[in-house]
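You will see two complexes here that share chain A, one where it goes with chain B and one where it goes with chain C.
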Partner chain A sequence: MGQFAQFAINGLMSGAIYALIAVGIVSVFKATKVVNFAHGYVIMFGAYFYYTFAVIIPGMEGAPAWLASWNPAWMAEMRADLPMFSPMGAVLDWAANVPRILFGLAGALVCNAILGLIIERTLMRPLMGQSIFAMIMITVGLISILSGTASLIWTADADFVPHIAPNAPVRFDLFGTPIFLFGADLVNMAIALLIFVGIVLMVRYTKSGVAIRATAEDQSTAYSMGISVPKVFSRAWVLACTTGAIAGAILATRNGISPSLGLFGFSVLAIVLMGGLDSYIGVFIAAMAVGVMEAMTQWQLGGDWAEIVPYVAVLVVLLVRPHGLFGQAEVERI
Partner chain B sequence: MTINRRTFLATSAAATAAIGTPMILRAQPSEYILGVSLPLTGPFATAGQLVAPVFSLAQKMFNDEGGIAGTPIRFVTEDSGYIPNNTLANYQRALANHGTDMIGYFADSTGAMKLIAPELRGANARIMGSTSFASELANPAENPYQYLSGPTYQSQFDILLQNIKDAGGSKVAFIFSNTEFGRDPIEHGKATAERLGLEVVLEESTKAQGADIPTHVTKLAQSGAEFCILQGYVTGVWPQLIGGARQFGLPVQFKGTFWGMEKFIADRITNEAGPILDGYQGVMPYRYFYDREGAPRYETYAALSKEMFAGTPMENYMSTWALQTMCGLELAVKAFRDTAEAGNELTADNVAETLSAISDWDSGGFFGGPVTMENNAIGTGRVYSYSAETKLFTPTSDWLSV
Partner chain C sequence: MINGNLKSTYAADERVLNNSYKQAFVYGMILALGLFTLTANDYFILIACKMGILLIAVVGVNVLTGYTGLVSLGHGAFIAIGAYVTTAFHNGFAGIIPDQIMPLIAIPVAIAVSALIGIIVGLPSLRVKGLYLAVATLSASFIVIFLIEQDAFAPFTGGVAGINTPIPNLFGWELDTKREMFVLIASLAFITLLMAQNLIRTRVGRAFIAIRDRDYSAEILGISLLRYKLTSFAISAAYCGLAGALFAYFYARILPEQFELDLSLELVAALIVGGMGRTMGPVFGVIIIVMVPELIKISFGAATGGALDLQRYAAPMQEIAFGLLLVFFLLKEPLGINHITDRILRAANRWPFARG
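What follows is the complex of A and B.
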């Protein structure tokens, strides 16, 4: 039972990251009906922006020393007495990085928001009123543009970034079995959940959220009711890109920086389909379910099956419910 | 015109001369072409972009030395994105563009080598090296034209398992990526472990990128392994696995194979995550580039690198991945030159015969001493250990041959 709990928690932590990635795809789809195939590459840009502001700029000549490593005397003194992998040591290592972590996150959020605005203004808005299919195809083209641009700016060099939260080990007993967790993963999960809940509340209870829902229901009617549909489009893209920036930063801390980060978006697309393209709650449940299924399959059957089983489940769900677990079936009136 | 025996013979002779002359001319090209496919984009772009510059260094160096029997060589590089089908398409395009001027090809993955192998027949056959150490390729009976510039992954596992046995180990875990590259030596490794009396307590397959580290580390902790061999990774997953295990306080000792032994990556991890890789060991077929004493070929590369790559990280350090490529090119060029000096045409069959017969070759520093091609591979290597303090991999074993 304890082991089951261990792998279930591991799965939930992975699922939370999937959910954070998926939220961007749902946001854009809900407002614009466009499935953004390039979302993985938007996330990759977020990761590279985090890398730029948390690693490259603090390491440049002329950057203040405290930005690269904040290490006051009292902290150095505390650190000196601690063994290498002690929990307190991990917290102090993280504390020394806090200025560049915050700088990195702020830079990633701002730059990715600008990226979202650029994509929306230059590629999406000119196609408003045209076929949705054309807009979806543009997102496919965007994959090449974003991956090529990233490789021009940052090259394909692999590197590593600081954890957003202290990566101290967390140990406790559950049902008589010792459970091991990574502190950073727990905080990442908390961040993902907070963002998710925040977005759901925003869509439910704020004016912008109502505008998004109205636009999702019927763009023409929303327009005639005084809702600025272009603004809704812009906000959706900015929301997708800023949540993508956080997701990218978290992914970079888990996997390091490399162009392969862009590929994460594709596996998450399947999760989004399972949950329902226009349902935040459905996608959240699907993401958690896939995360737990992956961990359980890895535990019981090994890695070769772990890549297959969750996606077979996605297919089964789609066969039974083509619009996903909580997706709205589109009614076409003739 | 009436055709009699005399006019028929004369016409035939003229036609043969007309058709044959270009063939003779083609045998003396103004330059030899060596095609290259590299993953300049895609999941292994880091490695591809670090390797790419050495082809310009190799071209300059080999041509300064007189090319192949006086004819210069030129490398033609294309991106594969680490997709075997792209490499195959690149190879076919290079054959169509350069014909018999192209005397060799350098591919970028085990998958690509296996995909192209059936194409290497008759006029389409070319001598072919690659970035792969896949065991299946070291088989001249099946793949006479493909070769490895070091030991197979199976041989690397043999070296590591023997090293674990010598260190008194008894329980070993294999963690590998779920790719052809990752799975390659696993079955063989299990057989070797059994032969050596080692117990394989965990076989864990992971994603090649973005693996679920907590789950894998949990399984490693539960396995009770004393040693863990990591296989099938380049820049990601293996450092996170080691970091995770260290934070969990696992006493397991990690060992890697060639692609997990790059100083560039180890240094960057140390800079960002602290000394988590201190004591990490692995098998390397070659000397590291900073170990240049008594290695004249490395000195030549160093002098050229200073001149050609000034201001880049390659100015003072050549990655292990670049060294593997250089070793592969040295072997190919030696085979081309020896074949030409023997007065033979540079056909794939002639070059393959020369290559597979390379014996007691003084590589100029790559290996501990003269090496011999056996089964189109060089089964030698030694175990190195990384120090987070000096940021160097230093040898912890003698050169071992398998």
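What follows is the complex of A and C.
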């Protein structure tokens, strides 16, 4: 029971991050009817941007010292008489990194937003109204362009980046069994859930959210109602890329930074299809379910098998429910 | 000038090469290939072998994507199955079946296993299509590669470390040089191309095209979607299985990572660049997809003078070029190179009159 709860919580935490990545794919699909196969590589760019602004730039000559490590007098004082490995020490370690974490996140958000605008303008806009096949294949081409560009700019070596939140270990008892977690993972989960809920609320209640839904319903009707469809397209891409930047930063702190981050996008794509492409709720449930199933597989069969869980799950779901768990079936005319 | 499509016999109407330009092109190409085999240096033979293996697989993808309209992003897995079945068959039946006829049995077995797994992978295509199918095939290919890497199958597949492949022996003729392999690959590629061209002229091929154009309409016309979609998957997987068998014979060692996503994307990219649903499309596509990265490597090496610290930029450049090629063709020439050659041929046909 104790092991089960531990792995279930681990699974929910990675499920929340899957949901955060999936929100980017769903948003772009809702607005533009394009499924972005390259979303994993957009996330990889977010991670590399975070790495650039949080590690490379603060480490350069000429960067102010407080950016690399913020250490005011009162903090040094507090640190002086702390025992080793105390939770307070972890918080203070984190506090020293706060400037570069914020700088890294801001840089990643801005750069990824620009990346999204560039992709939308140069690749997606010219194909508006063309076949869906061509648009999907463009994103497949984008995979190679993005991964090639990333290894041109950044060396392909794996590296580590500062955690977004204090990484203090958290221990507590659940049903009489001890649970062991890391503080950073909990905060990551909270961030992912907050952003997910925020986007769902935005799509439901704000003006631009309604515009996205109207465009999803019928592009030409939305156009004739005075909604600028191209603007909706670029907004959706920017939304996807900025959430991707945060997801990338979180993934980078969890798994370290490496070109293989891009492959993450394919398992999330499987999750999105499993939940139903146009349903935020379905995707959320699917993400959580896959997260937990992965953790259980890891527990029972070992870490190797966890990596194919999303793919097996999507195949099973597609055979039973072709449009995913909560997706709308398309009505086709002959 | 050809000023009409005047046929007086059925036999003339049924010919594959139905005008003199096509005849001249095909016979000229056969002659050029023969000369190439005799005179080209080893490097060109190596490139040509790569092209030939890829061509057979792309012809298979063309049957599925180009003619039947089912998108697959996982055909690299069928090449993997072909390659591994061939290798495992050679290792398992060494000594039982004489070496001289081993490839004659191993290749059909590889093709059959691929086709069978193709049918299984094709099962989702009955319920989903388009994008969903693309992800389903992608998932299936990830699972296949994952299983190949597992320790449980390592005695047959060698696991992550890979496995050494056999040398084919046809009736005592040991194909141990690349040039000899090229003869085998080129002739098989030619046969598969001819078979694909003839396939679409049959009842089955016409059913494929009807499914591509509108599957529900095709069903109303009495075409069984179940039967023909699975047939299409089986045929395309069989072609990829053949490509895989040749892949195993050609390279000294195969690794699971050679068959990952990159290979599957290369197949689809070659098809898009060359022209989907056309016989010559895969040929043009494969030439471009193999040549462009190779040219980049050569010109990059020449430009940097072979400086080692700059060599690491060559691989990303190739990758970017590959992506740009795909994007360029989708944006500017969605019907592929075949459409360009069509225009040129039409202009030649009508010369000296209006072009276009």
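Annotations
Everything that follows uses one rule, which is that the second predicted complex is superposed on the first by the 323 of 334 C-alpha atoms of A that agree within 3 Å, B and C clash if a C-alpha of one lies under 4 Å from a C-alpha of the other, contacts with A are read in each partner's own complex, and residues count from 1 in each chain.
Heads up, the rule we're going with is that a residue touches a chain if its C-beta (ideal position, glycine included) is under 8 Å from a C-beta of that chain, and two chains touch if they have at least 3 such contacts.
Quick caveat: nothing in here was measured; it's all calculated off a predicted structure.
With chain A as the common reference, the superposed partners chain B and chain C clash.
When both complexes are overlaid on chain A, the residue A:S151 reaches chain B and chain C alike.
Shared-chain residue A:I136: touches chain C; no touch with chain B. In the superposition on chain A, contact of A:I308 is made with chain C only, not with chain B. Contacts of A:L273 after superposition: chain C is touched, whereas chain B is not reached. Applying the stated contact rule after C-alpha superposition, one finds that A:A47 touches neither chain B nor chain C. Once the two complexes are laid over each other on the shared chain, residue contacts for A:A252 go to neither chain B nor chain C. Within the superposed three-chain model, A:N10 lies in touch with chain B and out of touch with chain C [touch as defined at top].
Of the two partner chains, chain C is the only one touched by A:V35; chain B is not.
When the two complexes are superposed via chain A, 80-88 is the only one of 62-70, 80-88, 260-268 or 350-358 in chain B with C-alpha atoms clashing against chain C. In the superposition on chain A, the residues of chain A touched by chain B in one structure and by chain C in the other are 147, 151, 263, 304, 307. Across the complex, chain B meets chain A through its residues 40-43, 45-46, 48-49, 178, 203-207, 209-210, 212-219, 221-222, 234-237, 239-240, 244, 246-249, 265, 268-269, 271-275. On chain A, the positions that touch chain C within their shared complex are 35, 123, 126-127, 130, 132-134, 136-138, 140-149, 151-152, 263, 266, 269-270, 273, 304, 307-308, 310-312, 314-315, 318-319, 322-323, 332, 334. Those residues of chain C that touch chain A in the shared complex are 71, 73, 123-124, 127-128, 130-132, 134-136, 138-140, 142-143, 146, 150, 214, 216-217, 220, 261, 265, 268-269, 272, 313, 315-327, 330-331, 334. For chain A in complex with chain B, the touching residues are 3, 6-7, 10-11, 13-14, 55, 84-85, 90, 93, 147, 151, 155-162, 167-169, 180-182, 185, 251, 254-256, 258-261, 263-264, 294-295, 298-299, 302-304, 306-307.
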